[in-house]
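Shared between the two complexes below is subunit A, which has subunit B as its partner in the first and subunit C in the second.
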Partner chain A sequence: MVNGFRPRTLREALQILSANNCTVMAGGTDLMVQRARGFSIRPDFDRPLVFIEPLEELKHSVRENGTLHLGPCMTLSDLLRHPAVPDPLKEIIGMMASPPTRNMATLGGNICNASPAGDTLPWLYAMNAKLKLQSAEKERIVAIEDFITGPKKTILQSDELLTGILVPDTRFHLNRYRKLGQRKGMSLTKASFLGMAEISGNTVTDIRIALGSVAPRIVRAAEIERSMLGRYVGDINAAAAVITERYQPLITPIDDARSTAMYRKKVSLDLIRQFLETLSGSPGTGTKSE
Partner chain B sequence: MIIEFRLNHEKRTIDIDPSARMLDVLRDDFGLTSVKEGCGEGECGACVILVDGRAMNSCILPAGAVCGKSVVTLEGFKHTKRYRAIENGFLKAGSVQCGFCTPGFVMATESLLNENPHPTDEEIKDGLSGNLCRCTGYNMIIQGVRLAIKEGEGLW
Partner chain C sequence: MQFRGQSVKENIGTSILRVDSRKKIRGEAEYIADWKFDGMLYAKTVRSSKAKAAIISITLPEIPEGYAVIDHRDVPGVNRMRTVVSDHPIFAEKDVQYIGQPILLVVGPDRETLYDLAAQIDIQYREEPALFTLEEAEAHSRVFTDYHYKKADPEKYFHKAERIIEDTFSTGYQEHVYLEPQGMAAEFKGDTLFVYGSMQCPFYVKHALIETLAMPEDNVRVVQTVTGGAFGGKEEFPSLNGCQVAVAAHKTRRPVVMIYDRAEDILCSTKRHPAKIRYKAALDKNDTVVALDIDVLLNAGAYNGLSPVVLQRAIFSATNVYNIEHLNVRGRNFMTNTVPSGAYRGFGAPQTIFGIEMLFHTIALKLGLDPLEYKMRHLLKQGDPTCTGGRVHETVKMPEIIQAAVERSGYYDKLRTNKKFQGIGIALFLHGCGFTGKGESQIRGKIVLQKCRDRVILKVSSVEMGQGAETVLRKIVANTLDLPIANVLCEKIDTGLIPDSGPTVASRTTMIVGGLLHDAALEMRARWDEGTQFEVSKIYEHPDYLSWDDETFRGDAYPVHSWGANVAEVEIDPVSYELTVKRITAVYDVGVPIDERALIGQMQGGIVQGVGWATVELMESEGGKLKQGNLTDYKIPTSMDVPDIACYFISNPYEFGPFGAKCAGELPFVGAPPAVAAAVSNAMGCAIRDLPITPEKLMETGHDH
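Showing the complex of A and B:
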């Protein structure tokens, strides 16, 4: 039998974590499945649990000075209802799991679980999200790509909590999200694609591409994105195959129960190429009269 | 860990391993067998209960998470007018065959209508997307929800 802590404040939670070696429990939707042992048997936990989901300090979202602050303990359902949450993130969350699971699962949990198939991760990577990690003594802010070091691996220390998700409030006229699963409802991701672009006067002024479930970590290539900045959409269209080819070595999927490496790789590259080819038909392009 | 919560509208206090699955606590400690185990990993919805009015998968809900909250199972819900409307809708539409998934569907329907009293067909499908039924083919369940909405007009 493991023990449990129910801190009432963030401060109390951080003190508990600095004094004890604990397992942090947010919504539990990943952890309880990973540790399950079957009917009427206690799940396999060996350390005391700290229940952080009710902490009010971690349940707020607000837009402030060009930054969107998302509360790590907000559930996916909370986020779907919240006016400050941007539509592209809501679109992604609306395709995750099912309402009962979305009523439990938290955004912070999706990040800290660090699964390559975590569906909110491509958006957070593409938006250059930063994470606030806090312990009783100190706090640090790290970029999400530095936080996750591999499948299910992060730099979070045992006395730290993820206490803030900071997202630059950047809007893109062009947003395309594709999630490939076994079926439409309630499916885990085989491969996901997120493309966002800002086009002005037929020229690419900003472009972000992130892919999920097709490598040990989320795939995003700043260098390839930079090479497209300032170029005419027509040029990008013409060079789509060549640019897509540069993503080839970065996409290193595996075979598993959900899909095969070959399918994942082909579909990812196709989605990148299609996105690049359709930039020329998107807002910000065309004749001056529009 | 001492856990105080409301179960089917009554105050309860139990001393239990906080990692225990609510599914097991409800069935084994409280004898509430409407809560079914199907997949055990939050995918089939046979174990759906309401926590503070919202549908949750009790098979992946640790007991420690319900402290101070209100838990309702079908046993607690069945005395309400809302339940009666859902039951009649399901009966008329033939939404029940083997019945194993039915308590979960009823609780998910209540959670959906609580939040959205007049859902479209698409919204009903999304609201029940976490519940699997291997008998009916779903059309009769969606029809049952429609009839419940009609009969229960004003209840949600």
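Showing the complex of A and C:
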């Protein structure tokens, strides 16, 4: 049997973590499944639990000086309702799990679980999100792509908590998100695609592409994106196949219970190509979010 | 023709509030997991981790006071589950044949301790070469059952054929996903054994207990608890876990309860048989199919159980609604080292009806003909011989049914105007009502109606399991006697209190058991003034216009059929190949609806389950292990996946059904999958030969095209 801690403040939570080797629970919608033993039997936890989901300090979102601060312990339902949360993230969250799960699951949990199928991750990668990691003694800020090191692996230390999610408040005229699941609701992601672009006149001024569930980590290729900046939209449309080809080696999916590597790879590449082929200078002609 | 029910109210179909809805919606219904017994012990099953192995040794940890281990040595009687083929051991003895096979139980007061003890039990195996797939089993001739029947002279017509077309179709596993997982409890009161649980067939469980416990019939009682869905999954399986808890209660002399969680349930409970069906069709100079050679292969899993009767329905449904003059039909159940397959809504028929619907569809396309017109050329009519040489005794309203389906769906307009990646398809189908062959005349279902002043108690063994049986049966009696539904009550499902009216299976409850109740109620009505308390009982007699030979499979496999047509409309995403079933237009002849809302509920549920099997419900076994072993990986449709469903009924009263009712429960399952497959074929311009139709498979076929 393990102990549980219910800290009332962030400070208290960090002190608990510095004194004990704990498992942090922020909603528990993944953890409780991962550690389940049988129904109505206590799950199989080997370390004391710290329940941080109720911590008010971690439940605020605010837009400030061009940065969106998202509270890691906001539930997915909180985020769906919050005025500061941008629509593209709401679109993604609206397709995650079911309302009861969204009422428990937190954004910080989705990040720290570090699943390649974590649905908020492509957006956070595409937006260049940074994470604030805090312990009783120190705090540091890291880019999300440096935070997650592999499937279910992060650099979070046992005395640290994810206490802030900082997202540059960049808006894109073009947003396209596709989540492929086994069915239309309550599905884990087989593959996901997020494409965002800003076009000024007929020139690409910003473009981001992120893919989930098709490699050990979220796929985003800054170099390929940079190569498209400043180019005419028509050129990108024409070169879509060639540009897509550059993503080929980055997409390394697996066969599993939910899909096949071949399918994941082909569909991801087709979604990239389709996005690039249909990029257009005038918003609302086929490349707006679906 | 005079049909039953003429003498009472004509509005039998008008819906009433379901008698079980209130307590279920309010959470007041008590499922077996809610039951508590004084001094009860819980049971946890220890299962094989090997697909095929000899058990070399079992080393137990120290068993604490109050805990016990139960294995095959504790079985007082026969260590086999009684069913059609009684081959499944209650507890494994020297060997195991599939992953998940029960070896022993640990029982005790604390469930967590049971999990700890179970984890410490060390079982040493010597693994043996195993067979996993139908292909491997066929190559090794690992056949459980091999059936064959023939009609007229197929050899001659294959010889004379203008053209021979061959094709093969396959379908996958399906898990029932009843809301309530399997659960059973047993206790002794004096010398009498009581077994309680979630089940469809209390007398199956009782007969299994008598053999396994070696107890006299009078000392065994089986009580059905509120059952949260079954779909065939609680037809034979509860005999197995029922015997296990009974053996444990016998040894410990304490009440023993065993409830599965979802993962355990999926691991070890029966599934729909994966199937492969090979066709060879002989066409004459008018392109009409004059002879068919059909080879049906079912994967029965590690034990045959009731698979032989599943196979019978599969092969007797293999020509569907078509009149094929010359037939050569073979059906085989194969043994593989996988979890046993078993009863599931449709009982083998969905597999073969998918096959023949797709066969006719693809032949028509190959010939450049309209699939529906081509199918209609071959339709059975009243008086035609069935595939087993019996007769279609009933009026066949297929032309009306098809016309309604075509008009209500706008079939031909949409067929013309659909864009690429949009598809529409139609399936025609039937379902044989009640047990196959001699089943009904062997069971000879018995019912009792008991008058108690102004109330009537009906005593049957047909159970309410979510399908509405209690409402429908009470309604039949109430309407016949002109009593309020509240004055007609069902006796508790306790084998000590009710006669054996047979199991709750084969879409037989309304037609067969309801028919007996209707007869009894008519008699009671005539004798109403005879006294304040008396009983009327009835025993089923097979109508004498029917004949059946179990050796040769000649005659009327079913007394009557329910019929239908489904039109499915689909859309496919051109990039991801994701499939959306947009709409199903369904027209059925189930005789006369007993309660329209309850019936529509059955139809919608059956359609959704069929659409699930045809689309999202992928379950594969790899090395004897299910790849999709939980509800995270194995998906059934959610409300977001459910198409618009429009149901219509064509009245066609059946002389021997209550108020003219025939069977209904399985019919909707049978029709939806081939309709969806035909629509996908239309959308993609390719043949569909394999269910489920996943985006992964469509991507490959889409490529070929």
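Just so it is clear, the second predicted complex is superposed on the first by the 281 of 290 C-alpha atoms of A that agree within 3 Å, B and C clash if a C-alpha of one lies under 4 Å from a C-alpha of the other, contacts with A are read in each partner's own complex, and residues count from 1 in each chain.
In the analysis below, a residue touches a chain if its C-beta (ideal position, glycine included) is under 8 Å from a C-beta of that chain, and two chains touch if they have at least 3 such contacts.
All values derive from a computational prediction rather than experimental measurement.
In the superposed model, A:R42 lies in contact with both subunit B and subunit C.
Legend: residue contacts after superposition of the two complexes on their common chain; A:D87 is shown touching neither subunit B nor subunit C.
In the superposition on chain A, A:V33 makes contact with both subunit B and subunit C. Of the two partner chains placed by the overlay, only subunit B lies in contact with A:N3; subunit C stays clear of it. Shared-chain residue A:E64: touches no atom of subunit B or subunit C. Contact with subunit C, but none with subunit B, is seen for A:K266 once the two complexes are overlaid on the shared chain. With both structures placed on the common chain, the touch criterion links A:E56 to neither subunit B nor subunit C. Of the two partner chains, subunit B is the only one touched by A:S77; subunit C is not. Annotation: subunit A residues 33, 38-40, 42, 185-186 touch subunit B in one complex and subunit C in the other.
Per the touch definition, subunit C reaches subunit A in the complex via residues 44, 111-112, 115, 259, 261-262, 264, 575-578, 580, 616, 618, 627-628, 632-633, 635, 637-641, 695-696, 699.
Listed in rising order, the residues of subunit B touching subunit A in the complex are 1, 17-21, 24, 27-28, 37, 40-43, 45, 48, 51, 54-57, 59-62, 64-65, 67-68, 108, 111-112, 125-127, 129-131. Residues 1-4, 6, 25, 28-29, 32-33, 35-36, 38-40, 42-43, 45, 49, 51, 53-54, 77, 94, 97-101, 103-104, 185-186 of subunit A touch subunit B in their complex. Those residues of subunit A that touch subunit C in the complex are listed here as 33, 37-42, 178, 180, 182-188, 257-260, 262-263, 266-267, 270-271, 274.
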